[in-house]
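As written, the chains take the letters A, B, C and D, and residue 1 is the first residue of each chain.
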Amino acid sequence: MSAFETSVSEVGDGVVNLRGYSLGDVMTSLSYTEGAFLSIFGRLPATGERVILDAVLNSLLDHGFVASTVSAARFIASGNPQLVPAVAGGLLACGSNTVSPQHSFEVLDQAEELRVAHGLTCAEAAEQIVDRYLSAGRRMPGFGHPTHKKSDFRADLLFAVARERGIAGPGVEQFTELHRAFTARTGKRLPINIDGAMAAVAKDLGWSAEQVVALAMISVLPGLIGHVIEELHNGKPLRHITDGTYTGEPIRSLPGRNGGGKR
Amino acid sequence: MSAFETSVSEVGDGVVNLRGYSLGDVMTSLSYTEGAFLSIFGRLPATGERVILDAVLNSLLDHGFVASTVSAARFIASGNPQLVPAVAGGLLACGSNTVSPQHSFEVLDQAEELRVAHGLTCAEAAEQIVDRYLSAGRRMPGFGHPTHKKSDFRADLLFAVARERGIAGPGVEQFTELHRAFTARTGKRLPINIDGAMAAVAKDLGWSAEQVVALAMISVLPGLIGHVIEELHNGKPLRHITDGTYTGEPIRSLPGRNGGGKR
Amino acid sequence: MSAFETSVSEVGDGVVNLRGYSLGDVMTSLSYTEGAFLSIFGRLPATGERVILDAVLNSLLDHGFVASTVSAARFIASGNPQLVPAVAGGLLACGSNTVSPQHSFEVLDQAEELRVAHGLTCAEAAEQIVDRYLSAGRRMPGFGHPTHKKSDFRADLLFAVARERGIAGPGVEQFTELHRAFTARTGKRLPINIDGAMAAVAKDLGWSAEQVVALAMISVLPGLIGHVIEELHNGKPLRHITDGTYTGEPIRSLPGRNGGGKR
Amino acid sequence: MSAFETSVSEVGDGVVNLRGYSLGDVMTSLSYTEGAFLSIFGRLPATGERVILDAVLNSLLDHGFVASTVSAARFIASGNPQLVPAVAGGLLACGSNTVSPQHSFEVLDQAEELRVAHGLTCAEAAEQIVDRYLSAGRRMPGFGHPTHKKSDFRADLLFAVARERGIAGPGVEQFTELHRAFTARTGKRLPINIDGAMAAVAKDLGWSAEQVVALAMISVLPGLIGHVIEELHNGKPLRHITDGTYTGEPIRSLPGRNGGGKR
């Protein structure tokens, strides 16, 4: 039931073959950005790709206390003051509510299907998708941010770099059209957020949803680490939620336990 | 480098041998308390042991928002609304600051060493240990609780059950003496806390430090689960720390990047 | 963005209110089985429910090396020899491929919908559901086990206890009918497995899918702990997969780095 | 019990201050290597530091199946086929047996203390440290590798880059002397391994033990991700240890349960 196969690496005495390159060469000739990309994607990034890759990887470096990941990691470190479990535990908070470009990616996949199947433009596909979401009462992913109300500068910068480097294609165009259609239909002035922008750029670069989530995890890691180290040095033991209220039953007696307890 | 050995269980078609008993028999004839004990300790609990075991396992069932484990789990669930990662992440907060009877256990080990090596009474060993900790400026484990200021009723109940069942022996006596000596010496009125009481009772039952931590993890699990399920149903996405302040540098320009940025 | 609410517990100086009962009473009068149930379900188990609850909680106590959870935990402990991270990491392997009664639960929900909407019997609903899965080429959950080929005794025992205690109702009947229809249609002789049986019994007791997954996590925990403690004492450092093969590219030169490397 | 403070970042509407720089500037002007360093260290890397930083971050990019982290992550993904829990779970395997430059760092700290306190040379301090370890029967950290028997090319490359860039100082010298003394004393031909080399270089750059562990975690992440994605796509469900043996008791009857079971 095991018998594993991998194309990531092969390790022997004195040699590591990482995706077809010597790890020694990677160590001395590539940046970590390139090495990380190679490890995950199985190829080196193209020249323009490398620049936007750095922008993507830097975009989530830290979002401070306004992040469930950091908050979770701090509480873990406060109970269990060690680096590794707190950082790993913080990563566990990456999911459908945060660090989640995959949902916007799915929307782009749906739009692409419509364009291909019915010969639609990005603008036409956008109308149909927005329709579909609004009539189903579903929240559209990739728009709005609890902190960055009017615009999410990280998204704007990613689009700017993508355009400047000639990377922006149907992904960026489609997401922009989705945003335009959504704004027109709802009147809401929610910005394109970083998850949406990551997904759009990923589409244009041929990255998969999984791969862009992976990059988001790498992006989030250093901030998590920074916060955990801080908590280890200056934090307080036994931190806990202080703004909680109890909404359950008051204390009652346990129902009769057969004359003096069940034992 | 693998080739594992185990005495926990053996699994074949139609049969699971759990520590020398058929899992079928365990399912139909034992309580979970007994089954869990068997899995970890490799033997069935003795009659009196079973009662105190239930008391130990129930003692940490939940400590609400006043627990780093629950707090961490809630934040994880808020970012990643799934049961398993949030519960596992909450467990990661068990460490030297919480759910940690092992530190009191170490103190009891030291006291036992002194008693054996120098023929001391529990009271005499207590004096020496308290001395040792106070003169080294170290906090003594097992005393005091941020919420239960005057007494920790969970500790008191554990000692009461242990005495009533004839389980209390040198472990309970030694820890009580440590507490007496500590109180006399410092004048502080800190109660014996649940971690300390667990360790004392564990000593008298022949459980190891590791085993009592294991029981504490089992004890903590249901409350964690209850909170995570609640967060999944009634929680809010993207919860985060709201009482944080920034103490770092204000924003400066990046130092000159060699005429227009490194790229 | 926080402001938590809970009905699990309220903690004050000298008192823990757990779901409307004093934790002190719980410690001295309830078994852990009851205490854990109370913490998660918010009520005490009924008399018959308590018996099947113990059977459910004991059913997954350990499945030895034939478990992804245990395997994962062992490798973690081999790299990081500590109890807490290895146990928590092992729990992370609970998901759609293992410890996952939720999929069978969904099937039972679908069958119930059919019965209610169209006045079908369990047998009729079973035919339609099996049809639906087979024609969609989907694997039916709750049937078959890689080790327990002909029958899964844990499932059989759970059904036996449920029938004996008068708990078996439409859930058990529906799942039995699903199994009958599946076997008749496919000719495959796969047994009802423990995940399927757990789901069926849960249905009859009014437990939710989430709650039965929670119980499965509690069930799995002691075995995980037993294995991790064993690995900590008798294991080997740096265990790793030994039956892996590399299927990727051989080592090539890095593409020209502009005369002497990018730096 | 909370009231957090941080100097990592401050987040407001439209602005993220990361360690005193605008995240927008970081996204457009820095590599991820620099951004990650800034997040953790609170300052930008110096010019030579950036080069060795990339070498450090690339050194553990992947070690394939010969890694407890990767092995653990694969088993988790096989039970729970999701990216985030498997990757986080893999990280939990970083500990005292792997990805652990901290132990070599401690040795360097001890040697530094000796040099400062007694005016010793690196060679003299090395003799004393090796003495201390050997006479206590302790394994010296930083030497030897189960796969890279004669030399660990990653360590060699790190030292080469450090020397070439003028970074090598007392840390590299001291660790080299420790190795020389160890080899002379024991006759064993174990190479300096990557953990040892990381620690030595970290010392010369003024990085703390914690910071170099943090960098090692970042280094390890992309390979983990690559393996997990592979397992998600081409893996098998329910993988488990296949080379395990049971060494416990054969199945016995449960001891008499008071005439027909305890209930």
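What we mean here is this: contacts are C-beta pairs under 8 Å (C-beta built on N, C-alpha and C of every residue); 3 or more make two chains touch, one makes a residue touch a chain.
Just so you know, these numbers come straight off a predicted model, no measurement behind them.
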(Q) Once the contact rule is applied, which chains count as partners of both chain C and chain D? (A) A, B
Q: Could you check if the interface between copies chain A and chain D is built from the same residues on both sides, meaning over half shared, or from different ones?
A: same
Q.
Between chain B and chain C, how many degrees of rotation does a Cα superposition need? Round to steps of 5.
A. 180
Q. Computing the C-alpha centre of each chain, which chain sits at the greatest distance from chain C?
A. D
Q) Between chain A and chain D, what is the separation of their C-alpha centroids in Å? A) 24
Q. Centre to centre, by mean C-alpha position, how many angstrom separate chain A and chain B?
A. 33
Q) How many angstrom between the C-alpha centroids of chain D and chain B? A) 27
Q: Would you pick out the residues of chain C that each touch at least 2 other chains?
A: 1-2, 4-10, 15, 19, 26, 28, 30-31, 42, 64-66, 74, 80, 84-85, 88-89, 92, 94-95, 146, 238-244, 246
Q.
Which residues of chain A touch chain D once you look at their complex with the stated criterion?
A. 1-2, 4-16, 18-19, 23-24, 26-28, 30-33, 35-40, 42, 53-55, 57-59, 61-66, 74, 83-85, 87-89, 91-92, 94-95, 147-151, 153-154, 157-158, 161, 210-211, 213-214, 217-219, 221-223, 225-227, 229-230, 232, 234-236, 238-242
**Q.** chain D to chain C touching residues, read off their complex
**A.** 51, 64-72, 74-76, 78-82, 85-86, 88-89, 92-99, 146, 237-244, 246, 263
Q | chain B contact footprint on chain D (complex, rising order) | A | 1-10, 15, 17, 19-22, 25-26, 28-31, 42, 44, 80, 84-85, 88, 92, 146, 241, 243-255, 257, 261-262
